[in-house]
Structure formats: C-alpha cells, structure tokens
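Quick heads-up: structures coming right below.
Two complexes, one shared chain (subunit A), two partners (subunit B, subunit C).
== the complex of A and B ==
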C-alpha cells in the first residue's frame, strides 16, 4: 500500500534507470515463492479424485466441473451458505470496524483531552496482542452473557481492531490538516459536521485500508469462529471446509471438495482488492494546505 | 450521505437474528426434549429416523471437524457451561474428557447396552466401573496387501511377525525399489494398537491412582521389531498420509499396509488406480495360531455433564443407545457415515456390504468380524495427547536416524508420567 502512496523521491537519472539485477532477481524469487502455492490450488482444483495425487502437480486435470457440482451438492449446498456467512461476518465486521476506527482515530489525533496518551498506549499494546490468544477468553466472556454461538459472537470481537484504530490515528494526523479544521470551525461547523464533511472524506483512503485489512483478517479467521460457533449453519467458510476435512478415517477424505472450496473462497478477496484499489490513489485533498 | 450508509449498516446488523447458543429446551410437559449433538460424521439423516419415531425427544446434529481441536472445543465449551448434550469422542479421549468434567456418568441409563458389545470394547467406555459413553465404531487392525504384486513377486502372506520381516527382506532382494511398507512416526495410534496386540495396556486406573505402562516389555518388543526393520533398511521410514506416501501406494512401491478396518476408505483417495488389487488378511501374530489384534481409532457417543445438569441425560443416553445398537439405526449409520459398527450383532447383520474398492474380496466384512472378535483390551489415560505428541517427536527422530526405538519409547513414558504428575494425578510407583 505504501508503495502506492509514496511517490518517487529521486529524479530518474541514467544510473537509476539501469536495471539492478540482484534486487530484481530477489523480488522475482519472492514472487515465485508466493505464487506457487496459489498455482498449486488452482491446478489441484481442476483435478478429479483419481488425478489429485497421481498426476503431475502443476498440470491441470479435468475434474473442475465435477468438483464444483459435487461441492454445490454437498449437504444441499451448505458450502454456499458458509460463503454467505463469511461475507456477512467479514463485510459487516469490517464496515463497523472501519467506522469505529475512523471515529476513534480521528478523536485521538485531533482532540486533546486528559487520558489521551494512556488510551493510545493501551491501544498500541493491543496491536501487539495476537488475536488468537484472545479467542478463548472472548468465548468465555460471551458465553456468560449467552451470546456464544450467535452471529454476534463472531461480529463483536471483530469490531474493535487496535491496529485499525492505530492506522486511522496515524492517517488522520497526517492527512487531515489542523488548518482545514480550523477554517471550517471559523465557518461555523460543529464537531459532528467537521468529522462527516471534512475529516471523513480526507481519511477515506486510510479507512479503505482499514476496511480491507479487517475484511481479510475476518474472512481468514479460523480460531475465533471455530471456538464460538456450534451450529454448522452459522459457520464461515474456513470452519466449514475444516469440518469437511476432518470426517474421521472411515470415509474417503473430501480433498477435492476442500481444495475447490478453498479456491472459490479466495475469489471474493481478489475481487475486493481489485475493486477498492483505486481508492488508495484518490487522495484529492492532499493539496488543500500550502506548506 | 455518509451518515445514511452508516445507519443502513446498523439496521442491517439489527435485523440479524440473535441465534442463541446451542439448543436450550428443558424437559417439560408442553414440548419435546431438545438434544444437540456434536459429531464429525454426517449423522443428521440417522437422527432424522429417530426424530420421526420419537416425537418427545428431538435430536439435532451439528457437524464439527474431528480431531484434537474438537476435544479442545468441547472442553472450552464445558468450562463455560455451554456445549452440546451428546458428543462424538474417540475411545482414547474419554479419560481426558472425564477428567475435564465434560462427560457424565451414565451407568444408570446405559448399563443395559453392555451385552451388545464385546467386553474389551465396553471396557474402553468404562472408567473405574462407571460408564461414560456408548461405543459407536471400532477399528480392529488388519494386514492389507497388494494381491497381484504378492503373486508376481512370489511372496507368501505373512501370518506371524517373523514371516512379516522375512517377506520384507525378500521384497528388497527381488526388487530393491519396492518396500513392504513403512514405519510412520506420525501415527502413534497405529503403534499403540500394535502394542495392544502384544499385550500392553498403556494406562490403567484404580481408585484415584494411575499407572502408566507405556515402556513395558510388550511395547519394547514391538518397538524393537519395527526399529530393527527400519535400521536394516528393508522397510521405509517415511510418514504416512503424505503425497509421497499416496504415490508409493498408488504406484506399488509400497505393497502392504498395516491398517484398520477403515482402510478401504483411505485407499480410494490415496491409491485410486489400485481398485480390486488389495486384499485384507489377519494381522500377523506374535505366536503362530493365535488370533489377536489391536485397534486404531474408533469412536463413541458420550453424554455431557451439561445434559446431566439440565436433566436431559436419560433422554440423551436413550438416543445414544438407540443410535449405536438398534438395527435400523446402525444400518443407517453404516450407510450415511461409513462406520464399522461396534455392536457385535451389527458386524454380521448384512448392513455392511462389500467395500466398493475391494470387489475381489466379497466376504470382506465377514472376515473383519472374525478379526474383531480377537480385539485386545485397551485402556487410555487423561493425557493421550501428550503421549502421542512425544511419540511423534521421539520416534520421528529415531526413524530418521535409524537409531534404536526402545530409547524413544522410554522418552514417551517419561514425558507422559511427568505431565500427569505436573497436573496433579496420583501415579503408582
């Protein structure tokens, strides 16, 4: 992301334009390293059960349609229900999380009030805390108020994202100039209007980032929904696919269905990234203050 | 504009139903008892048969993945007073679940089911003479081999472990590329089953005192046997259930597999090209002419302490007994979940039809029932996961370095005892 926001600092010169082979090679190596597993999933999803382990790994098979229809037919299409659930958890969760991050980040960056430093330090500490360590305590707490097992049990813990708040604060501090806020105040704008009409549009690229990060985090989350949810019709796709894999030794393993399901489940993420990418570049108001 | 989207979002969540936690419902005059069950098998269709016949007790199956994670999940849920009324649990996990107060003592409701199972199976759901679960499926060990390749290489099917070792050597002489089988350090359950055949009982309890007997003569005999074969290089030392292992089975580079009665279901995915080429034979014996085998896997239906607390234990035990002993239920269980039933009557009832992958062995399940009769006793402790985890590390190292296995066995014993002491269990000796 930062690569898109930060423009080139050095004027292109002859020496800079010369291809530097070592970094290029290392980057290519990194790209291959990241893409090979993706390629594996794509290829494996096209293989039928008899081809999966017996044919060459990176050659496509001819079982994609069978896999897709078997996956759709499995328990009357429960896979698509899981996808819908994932969409719900990730979509609503990320939206709320971005909203909360925007408000708190903006408040922390632009208002000085007693305890601001303490709150920010606590949030910073929260960034360092791995969410996995919190899943079980969160479950125990939510079970106490009888929310464990409901949609809320996955949504509520996802809403407050320390990293999102931290990012929003840093972004608000950098992207929303005090002069603009003061000018608006002089024009008679109240605090709510300041936020909705001035600060929010300026923070939008940062908030899109928060939304995306949180969406991906919730979409890929396994432990929290696994611990929280009992009813298999409320499962997100991660937990659902896991239950397909672990059906005991007596049944043929449903590898083909799981791999095809995994492939389909990354498509929404890719679509979301491509769709929201342009917001990162739209940073129209950066020129509002002369420095 | 911004505000409106915000409000829409809030309205959207507001309309989400607050699906409360797993089925409440207490026994009352004005409605059926509602039971929930956690299972990794597809059991809802079997439960539907029950629901149709029993309007007063309604069972909902919630499919969870199996494995150690399910154990963790059930324990966590029980700590929070949450969770299901019935839970599918592997035999070796019962002591763990009992010591974490997940399972309820159902002796008074389920004692009558005892006669439907062999004594050794029933012992595994009993802890200190209290019954905690109803057996669902068992998994006696057998010897699977490639019939075609055995004929081609002129090999005899081994009936004793000595013959087994000889066959392994013969294969290496005739075709150095092939191996009889592999020793997999990833599958402690198989090794435990093999030591049961030799007469080991890894855990036993009397009163509140436990005895851990992993590093005993019987287990050492099994460990030395496999360790020597690995060191000699006549069997492979790579783990099972890997793509490489699948390939070796499919291409006939490994031509036998010591596995349980559920092996056909694994071979379908692991070695798809070998349909009709495998055959099941009894597990090789330590002394010629005997008929003893161990088990690898199998599961039970447990009734939770939560069900007991809410007065639903009787209903839950009734369902669990029906599920695992009623002929109609077991037939559906075999069909929907593909299990090998633990109930002795069901093993010969005709509910089991020849596995599709073994068309050449039409009496597969009749032979399996014969093997099952000789299933050795097994008894488990409260920290099987620690023992299995240490097994993986210690035997994995020994198999790779081809060093003697008994040292690894001692490591498993020591780690298991240390962990139990740390957790406050009384240990004998």
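== the complex of A and C ==
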C-alpha cells in the first residue's frame, strides 16, 4: 500500500547519504511557488483596509480581529452560513456518495450477472459528460418540480459519482476475498447480510478514500451551485465569496472581507487533508491495488 | 435453497438500484431533455398574451446552425484551445519533472516538498483564482511592490496576451500537485531492480529517467493528459472569478461561459441547450478518438 503522503522509500545504501542538491533545490522552488498565494492570504488577512493597499504584502498587519468581526457582522453572519452550507453539501453528499458507490462497486466486483458490463460502461461514460451540459437541463427539470434553488438541487445531483463507483469496484475486487463470501453463504447468510457484515467492513478504508475525494469535489464545485441557487442563504462558500467579490469590484472596501473569507474557507480542507493523510490514496485512481 | 438462488440472481440489481435511479434522474433524463430543448424553440402566438400564447415548436437543426455559425462560440473555442495549449504541457511537464525528482534516491526534504506542491488541490478553483487575482493587482501584489521599489512598473497581467498567462498560471498552480502524485505513485510501483543494474553500469539518473522510467509510466502519463485536456475544455470558474477585476474578459470568454450567459442571463434555454449539446458531442468525439488511438498504439506494442 502506498499512501499519498507517507515517507519516501528507505534505501540504506552508501550513495543515499550524499544529497543531490539540484533536485532538492528544484523541488523546494516548486514548494515555494505553491505556498506563495497561501502565505500571501495569511498575511493579507491580518491587514486593515488601509494597510492592504499601502504596506508590503508579505508583512503582517494589525487588522485580523477587525477583519474577522467585520466578516462575521457582514449581513448578519451570512459568511458562516456559507461555510455551514459547504460542510452540509460536501459532508452529506460525500457520505451518500460513498454509500451508493459501496453498494454498486460491491455488486459490480462480486457478482456476475447479465448487463454488468453495460451498466459499468454507461456509468463510467458519465465522467465524460461536460458538467454544463448536465447542469442546465438539471436546473430546468428541478425547476419543474419546484426544487431548483433548494438544498436538494445541489445535494441530489452530487450523489452519483462515476469515479466513486469505479474506485469502490476496484477496491472491493482486491479487498474482499471470494472464499470468505462463499463460506458465509454456506453458513446461510443472505446477500444483504453478506454485504453489511462482511464486505462493507473490509471495504471501509477504500470507502473513506471515496468519501474524501467526493468531499473535495463537492466542496470545490462552483458551476453546479452557481447554476442552481439564487438565494444567498443557501450558497456554499465558493459561490458566496464569488458574489462578495462581484460586489467588491465596485467597493474595494469589501476586499478585506473577501481575503479574510478566502483564508478561512481553505482551512477546513487543509485540516481534513493533513488529518487523514493515509486515506488519500491516489494509487486507487490508477487502478493499482495490492491486496 | 431456491429462494437463495433467486436472491443471488436479483441481489446485484438491488445493490445497483440506487445508482441506476440516480443515473436515470440526474444523467440520462437531463441529457434527453437537453437534446429535446436543442431541437425545439419557443414561438409566440398572436400578441403573446394569455396562457397558451407561448408554444414550443420543433425547429429541427436550426438551433445547431445558429450555434455553430455564431462567431463568438468559435472565438471562445479558439481562446480555450490557446489556453489549453499553454496549460496542459506546462502543468504535466512540471508534474512529471517533480515526480521524477521525488523518485531520486538522494533528494532531501521530499515529504515537505510533496505536501506543499500537493496543497493547492485542497483550494477550490474559485479561491485559487481569487488569491492569484489579488496577486495580479498592482495595488496589492508583492511582485509589483518590489518592481516599484526598484523603479519599474510591471505589465498589466489582466490585459491582452498576459491574460492567457495569468489564467494558465492559476490552473498550473492548482493542478500540478495532483498530477504529480498520480505520476509519482506509478513511479513507485516500478520494481527498483529494473534500474539497479543500469545504475551499476554507470547510467546517469537522467538516462534512467528518460530510457526506463518514462516509458514504463506511459499509461499514467496518457491518463493525466486525457483528463487534463477534458478539464481544460471545461474552464469556467477561473475566468468567471477574474472578470470583476478586469474589463478584458467578456461574458462569453469560454464556451461554458457562453452557455451560462445564453441560458440564465439572456433566457435562451433552447439555444443554450444546443450549444451545450455541441460541447458534449465535441468532448465525446475527442475522448473516444483519443482512446481509440491509444488502444491501437497499445495493441501494436503488445502483440
């Protein structure tokens, strides 16, 4: 198993002790490039309005608390509602997505039945559908049943994840041995019970990975909620900050709010990311699983 | 025993039922509806007053003809191609370089660099564009601050040709880490014995990378190329975010933005649906064409 962020392979050879400085330097250069905007937003969020436009931008200012309280006061705390909404869309959506992926992946990996190939191919081809070609008709259809603009309009279309089903299938095939299922079947276990008490626990690490990828996908999504939602109390934080920036174009006073909001909005994902490092298994994406 | 057998035959369909229902409601039905819309239009009868004054009529391929002959759509497609031609090689080139560097035995601070380069994956495209957008603004950017300190003025990154560079940079920043990890993962799956002997024979690490590693990880390079290209064609959030900061981004800069504008700002659902269908067809044709070429290549190599 090669988790994403575990330490490098240990090679106890003599030559390994000498450092190659050029590769090290190039990688650090890449790291600095990737950290610059993050460091900048951390610094900029501490600046007051006047400091933002006057002081060197990598030095901290003294406006952090003012910015935080102004952001909290903005339209009765709508920013925190956006964060909650994002958490709700991504959390509930990814949970349901992992559940649907688990059921489908297990069925596709462990049963052979007429239509298996067709179902799998059709669902996977869903990846190729451009999101805009789905979002516009989804909006119109949901409007017909009075759901456009509701929480459901963002939640429901986010549940089915072709990637999730693909990952769950690959993982079930590798992690759930046929012999164990057969033995339980001989003991009289029915199909649903086989899944809930045998396959599901074995698939759990893979399902956490499915959950995380889908959580990030929904949290980062802009197009779908932007198309579906009109009332800013239902916005996720991406759409909320975008609407704030649009108003800020005419009022640079709002810049400090946008910047502080941007900083706060990336903290949950970075925390999720550092906290659950061993579950970010990109190797699953390329289909390389060793059981 | 008989009931178990039936169970076993029906069970997979039961497990798949939620996915099939969701696919039907949120993929198949919308696609069908988009096709329906693209072939129809709204006609106003009489004075356009009263309940049945607006009627949906069959117009055949009219919407498609209008969509395809709209110079703004073609110009948008051209802009996105130009953007993609800059983005995909730069992003995947960097991702491959970083992955190969991470795979070298004597590189230091690998865990830190890998984490830092992967970090932007956790930042939504909207937020990434927002951060870079501010870094492009002369009044708040540290880059311009330094330039002014030495008496220079930088270029306006949000105008003209610079705008392509500005947008490309945002996507390179956001996407390099993820692709690096995908490539790095497949590098680590290569058994080290394969290049131990090359190393003993005195091959340099560069030669090993070019002659052994890159050919072996070709499948994941193809995969990352394929998905990056598709993602490029769908560019929407980045130019939408930069729009409030500049006047050189039109509301139809990319084909996606044009579909959004046609549908929700101009209220032309039927023509927007036709444009969306065109985008979908182009994506599918490119995808299947690409996959076919790749499969043929693979088949030729492994007889």
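FYI, the second predicted complex is superposed on the first by the 232 of 291 C-alpha atoms of A that agree within 3 Å, B and C clash if a C-alpha of one lies under 4 Å from a C-alpha of the other, contacts with A are read in each partner's own complex, and residues count from 1 in each chain.
Everything that follows uses one rule, which is that a contact is a pair of C-beta atoms (placed from the backbone, for glycine too) under 8 Å apart; a residue touches a chain by one contact, two chains touch by 3 or more.
Since the model is a prediction, treat every value here as computed from it, not as a measurement.
Engineer: Check the residue A:231 against both partner chains and state whether it touches subunit B (first), subunit C (second), both, or neither.
Structural biologist: Touch status of A:231: first partner only.
Engineer: If you count the residues of subunit A that each partner touches, which comes out higher, subunit B or subunit C?
Structural biologist: Of subunit B and subunit C, the partner in contact with more residues of subunit A is C.
Engineer: Report for A:155: first if it touches subunit B alone, second if subunit C alone, otherwise both or neither.
Structural biologist: First partner only, subunit B.
Engineer: Regarding the shared-chain residue A:50, is it in contact with subunit B (first), subunit C (second), both, or neither?
Structural biologist: first
Engineer: Determine, under the contact definition given at the top, whether A:245 touches first (subunit B), second (subunit C), both, or neither.
Structural biologist: Once the two structures are laid over each other on A, A:245 reaches both partners.
Engineer: Should A:20 be classified as contacting the first partner (subunit B), the second (subunit C), both, or neither?
Structural biologist: Only subunit C is touched by A:20; subunit B is not.
Engineer: On the A-aligned overlay, A:126 touches which partner chain: subunit B = first, subunit C = second, or both, or neither?
Structural biologist: second
Engineer: On the A-aligned overlay, A:66 touches which partner chain: subunit B = first, subunit C = second, or both, or neither?
Structural biologist: After superposition on chain A, A:66 lies in contact with neither partner.
Engineer: Taking the superposition on A as described, I'd like to know which of subunit B and subunit C A:136 touches: first, second, both or neither.
Structural biologist: In the superposition, A:136 contacts both subunit B and subunit C.
Engineer: If I apply the document's touch criterion, which positions on subunit A are contacted by subunit B in one structure and by subunit C in the other?
Structural biologist: In subunit A, residues 52-53, 99, 136, 140, 227, 239, 242, 245-246, 248-249, 255 are touched by subunit B and also by subunit C.
Engineer: Which part of subunit B faces subunit A closely enough to touch in the complex?
Structural biologist: Against subunit A, subunit B makes touches at 2-3, 6, 9, 12-13, 16-22, 36, 38, 40-42, 62-67, 69-70, 73, 76-77, 79-84, 137, 139, 243, 246-247, 250, 260, 262, 265-266, 268-270, 272-273, 297, 299, 337-340.
Engineer: If you look only at subunit A, which of its residues touch subunit C in the complex?
Structural biologist: 2, 4-5, 7-9, 11, 13, 15-20, 23-24, 26-28, 30-38, 40-41, 44, 52-53, 56-58, 99-101, 103-104, 106-108, 111, 113, 116, 119, 122-123, 126, 128-134, 136-138, 140-141, 156-157, 159-160, 165, 185, 190-192, 195, 216, 219-223, 227, 238-239, 241-242, 245-246, 248-249, 255, 258-259, 262, 265-266, 269-270, 272-273, 282-283, 285-286, 288
Engineer: What part of subunit C is in contact with subunit A in the complex they form?
Structural biologist: Those in contact with subunit A are residues 4, 7-9, 11-16, 18-20, 22-23, 25-27, 29-31, 33-34, 37, 94, 97-98, 101-102, 104-128, 130-132, 134-135, 139-142, 145, 173, 176-178, 181-182, 185-186, 188-189, 192, 205, 219-220, 223, 230, 233-234, 236-237, 240-241, 244-245, 256, 259-260, 263-264, 269, 272-273, 276-277, 279-280, 283-284, 287.
Engineer: Okay, in this complex, where on subunit A does subunit B touch?
Structural biologist: Interface residues on the subunit A side: 49-50, 52-54, 75, 88, 92, 95-96, 99, 136, 139-140, 143-144, 146-152, 155, 196, 200, 226-227, 230-232, 234, 239, 242-253, 255.
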